[in-house]
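What follows is one structure encoded as structure tokens, with my remarks underneath.
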Amino acid sequence: MTRSAKLAGVFGGIAAVAALVAYYIVSYLIVVPPSVAAAGQAPRASVTLQTVASMGYGPHPDWVSYFVEDARGKWVHSTVLTVPANSLVKVTVLQYDTATGLRNPYWGGPRGIVGEMVLDGKPTPTLDPDLASHTFAVPELGLSVPLAGVADDAKNQCGLAPCTLAEAHRTITFVFRTGKRGTYRWQCFVPCAFGTILGFGGPMQSIGYMDGLLHVV
Amino acid sequence: MSAEPTTTWIPAENPELEARIVSLGSYLLSAATTFFFISFLFAFLYLRALNSNGLWGGPKPGHHVPTTTTSGIAILACVLVSVLLVRLALVELRGSTRALWWPACAGALLLGLAAVAIQCWQYTDLGFGTEEGGYASVYLGWTGFFTIFTFGAMLWLETILATARRAPAKAPEVEKSVASFSVFWATLGLVEIAAFILLYGVK
Amino acid sequence: MARLSSHARRILAMWLVSTAVAIPLIIWVLGPHLPPGDMTAEASDQTSANIVLTAVCAPIVLLILVYFGYALVVFRASGGQIEDGAPIRGHAPTQTLWLVLTSATVLALAVWGSLVLVVSAHGAGGGQGPNPIDPPAGAKEALQVQVIGQQWNWTYRFPGYGAIETAHLDLPADRLVEFHVTSLDVTHSFWAYELGVKADAVPGVDNIAFVHTRKPGSFSIRCAELCGLWHGHMYQTGQVVSTAGFASWMASEQKAEALNKKYLPPYSGHYYPEPQRRAG
Amino acid sequence: MRRLVRLNLRTAIAFGIAGFFLGAWVGREIAAGHDYLIGTDQDDVAVFMGFLFATIGWLAGLGFFNYPVSRLLGRPAGYPVEEAKGTARYFRMSTDHKVIGIQYFFGVGAFFLIGGLNAMLIRTELLTPNEKAFPAGQYLTLVGLHGTMMIMMTSAFILGPFGNYFVPLMIGARRMAFPRIEAMTFWLTPLAGLVLMSAIAWNGFPTGWTGYAPLADQARAGMDAYIFAFMLIGISLCLNGLNLMATILTMRAPGMTWTRLPIFVWGVLSTSILMVLASPVLLAALLMGMLDRTANTGFYLASTGGSAYLYENLFWFFGHPEVYILALPGFGIVLEILPVFTRKPLWGYKLAVAGMLGVAFLSFFVWQHHLFVSGINSTLRPFYMLTTEMISVPTGIIFLNGIGTLWLAKMRYTVPMLFSLAFFFNFLIGGLSGIFLSDVPSDVTTHGSYFTMAHFHYTIMGGLVFAFFAATYYWLPKMTGLVLNEKLGKIHFWTMFVFFNLTFFPLFAAGFLDMPRRVSTYAPHLQVINDLVSSAAFCLGISMLIFVGNLIYSLVFARIPAEQNPWHSRGLEWQVPTPVPLHNFDEIPEITGDPYDYGVPGAPPVARLRPASAPARAR
């Protein structure tokens, strides 16, 4: 074997293995759900979300998840939102999941919102923690809003995401003020991931399901 | 490099050294095994002392002891008699008549396997679930891994018996391998005594 | 023998000079910048502990550095030749001296650390578990604050104020505070940096830490034990405010939390919320 | 069987993969009908059974069951072992301790580089104060993979390659006490690495290398990979320690008295005590975690009668001796190398032995210093503060040995010597920063911060890894029979030393300035420090590539045969020819002298290699 062939063999082999390992690790690392922009412009924008009890498809059919409506009215499986800075953002959540109850009842009161939380058209100052199905919380903005659950015995419950308005749901609207630019995390404070120890595993620790990012631009 | 043979033998040392190696290995294995089960002993005492959420003994008081205490006694008896039989075999091998060592070891093997079997049978009829508190957890962990260790020990004993059966070895060699095994098996016997006292005796 | 002692003399001189320079620098120049500052009595104790430890370590570092530096320059083979060094196998007086000195240093540090920990600092701001060995005088009148770690935020309950719960933390200045740290799910660690408090939040445990606040200011709160996805985001900023400022903050919180208060569980050292394990 | 299929790495991988799928199927059958496993979208029983069967398949594929089965059938001990020729023997089960040493060197080294790659990715993420490069969850997995991979691999970093290769050579034995167990300790290691890497396929694990419960109970199936991989390493460590200890205690050549035993062997011996006794506790802790995840027990769940403290106690009961499993072989290596390049006897040999045994003994009594602020029994804190600070006395002895050995020396600055000297510098900083962590008032600030992180990187990377490279440059010529390029070695040393310190020293400041460990986001004012550290870390990564380049250049291209004893060492391992013959010594040698008698007038040679042909000694 010539020197150059040896060189090519050794370095080619090592480079190939290194590339494979790096690809294996990095391809896992960089996956983020697509970002969905809020409708409207600063200083007013709006976001429409829905929460589903179970995906019904995909790699995790049993998981709870958020969905976001994009500009064309299509439901996107993502939790990465882009909203304008220093604006009022109106959030509408279509809530299809049944109640689980809060781990910490403290989060039953809506906090950090402008005006009042509106549940199915009625202003609601606070929620019985046992009736909460999820929360929408951005701790760095002081924002936390409990999302009331659908009654356990409601008819026509949604089984396959994304759900339609014909299926049993609650509608929650609220307005919050975005601060300065930056990326904020948001999450749900309800231990709603049944089947996982303490209800806080799986979807509760996965961006794209019950955790997300709020890009304020 | 090309001059190397395709088959080599692990260089044999003199039999006395080989026996010393196995004997020392058995002591070290026993030490490691002891520390392994000390973890469960610690878990038992620690969780019992903490009694988190009042659930050490499960949701219903007095409910947590296995329903079949007799099978616990049976396992203890099997293991202890088996340990004693191995010691007896050792005495036999060291004495002038060596007639009884084989049946003694074979009996020890059967009793050890019986302990494994009884434990497996007991799991099917426990009377409590694994989720019912700290005691249930420690019970499952301790007895489960003790059973696995016991099964491994029985494989070792079987090896000694099979080797002696196939090529009737000289007494000193058999004696040394039985002595090495006896150390490990006696250690497991002590573990079983502790397990019985704590898991069946302490409420 | 004369040569030998000249090496030793030189090394000793360099060491003494550098130590004499370093120690004042550490105490008066670096010292004031060492954490965590002096917002509380415990933080001051930790700062002085850090200064003392740095000052104790400096001579050791300098001894090794001076010696090794000297040896690297002086005790080297000349040229490419392989020459043998002096066949010394040991020197009993040096060995004894070294053992005595290191043991004495270590024992002194341990005794001093224990004294600071137990007698003067009452736990030094660290979590002491449900039964602190030596609660400070006036612990009965301390402001009780329960810190509740949860995935992923901190909330606080004030049993002295109707057990209301808040999402951020204000403390009055010049007051003994008794933190009761617990968790609702996994292990967190409550780290109030400027206060000099660190206490693990462990489910089912009431972990107590004492701190005596001194002057107003803001402090950062972090989670120092890996707790899942948003561990790095579990930070807040708290305030030490005047007593009057604390009272007005508390009044406004009580007003804001009036509606939600009835849903809170009764105050307890620890909580076991549902679900307690995997649910079907 | 052995005639039909040639058992090697290929069959091991094939059997392993087949075993995994078989096991996963069995696991799903077992799990079916158990409510608590339904709806989690992860079947931990299937994953564990898959790993278990994969391990069995892997070992069977390498031929580890041939001998036990033949023994069960009653065949006699001392079975012949098939050895391949040339490079092929490195890819199959070999019972030659020299082959295993080289397998360890490259196998563990490869995973060490993967762990290093993870470190580079971590530093990439930390270039910015907020998550830019990778999302938070994946970042935690990265931290866990880096930490666990490094701890798993560096545990065997010195005892694996150099312990296995040189302990028999240094004590005058032809083999290790249990050659097949020795082979198994190696082959479990790459399997553990692969199992750990597979955590990515199960969406990672969030706990870092410590695997704290109940977060570990809550985590997704990647946690199973962590638990299983660490269990394999625990078994491997325990068996490796058992084997090394049995070898040293029983197989010393005649004349190898306890005071003639090379100091490296003493280091190995004291380490192996820790390995035998501490690893089973890790194994038990992990098995309890496994039961929590699969059998629905509640060892670590306070809400059902368990306790998170149980894990923390068991883990650190293993974890602190583990720290010394990492450090003690390093002590042994530098004290072994210093006399050779100072041309002096080791100064204070007996004290060094006492120091290492003292460290080993004390390390079992310090573990609760990891739990100073955790809220367990606070009355014990002064005791653990005392024991922890006490351990710096035996550690300090190593420094005294270094000081004494350098006194009036004739130092030669070869690459191994440079690494050994750097070891003292790094370990000094690492050790003294440990004093801050052992003092409770100071620990309240530094615990769980980047200060801690810098501290243990100074001791493990600055200590163990530098000692590893010292040993590599010192012994690799003997192991491979080829010279390593010295110029590249020196470039490697200086880049590594400089950038190691530039990487980790600023992290003490980051910890003092309120930066907790394992965070993907930090306060914006810390960005300068972090960017400096990241750039230095990338250069540190490049210095590792220089080493890899040196290895490739010297072993593949230059191929300059090494002399039998290039360093003019008195060590017994240097008295045998290079490359080392298959059974090391034609006859068991008789040890006649001290291995460190440099410059001692009239010192006898270290050993008589052919005692039988030499004139009989008067006894």
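Think of it as A, B, C and D in the order they're written, each chain with its own count starting at 1.
Throughout what follows, a residue touches a chain if its C-beta (ideal position, glycine included) is under 8 Å from a C-beta of that chain, and two chains touch if they have at least 3 such contacts.
Here the structure is a predicted model, which is why all the values come from computation and not from measurement.
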Quiz prompt | Best-connected chain pair, where connection means C-beta pairs in contact | solution = C-D
Quiz item: Closest chain to the protein CA centroid?
Solution: D
Quiz prompt | Interchain centroid distance [CA atoms averaged], subunit A/subunit B, Å | solution = 52
Exercise. Determine the centre-to-centre distance between subunit A and subunit C, using the mean Cα coordinates as centres, and give it in whole Å.
Key: 37
Quiz item: Which whole number of Å gives the spacing of the CA centres of subunit B and subunit D?
Solution: 30
Practice problem: Scan subunit A for residues touching two or more other chains and write them down. | Solution: 185, 194-198, 200, 205-207
Practice problem: Could you check subunit B for residues that touch two or more other chains and list them? | Solution: 52-53, 131
Self-check item: Touching two or more other chains - residue numbers and ranges from subunit D
Solution: 36-40, 136-137, 206, 214, 218, 292, 296, 298, 301-304, 307, 309
Exercise. Provide the full list of chain pairs in touch.
Key: A-C, A-D, B-C, B-D, C-D
Quiz item: Residues of subunit C touching subunit B in their complex?
Solution: 204, 272, 276-277
Quiz prompt | In the complex, subunit C residues that touch subunit D | solution = 4, 7, 34-36, 42, 45-46, 49-50, 53, 56-57, 60-61, 64-65, 67-68, 71-72, 75-78, 82-91, 94-95, 98-99, 102-103, 106-107, 109-110, 113-114, 116-118, 121, 123-133, 181, 185-187, 189, 191, 193, 196-200, 202-209, 220, 222-233, 272, 276-280
Quiz prompt | Parts of subunit C lying in touch with subunit A, wherever the complex brings them together | solution = 148, 150-153, 155, 165, 167, 184-186, 228-230, 233, 257, 259-260, 263-265, 273-280
Quiz prompt | Residue numbers on subunit B that touch subunit C, as the complex places them | solution = 52-53, 131
Self-check item: subunit A residues within the subunit C interface of the complex
Solution: 101, 103-106, 108-109, 111, 125-126, 128-129, 137, 139-140, 142, 144, 185, 187, 189, 191, 194-200, 204-207, 211
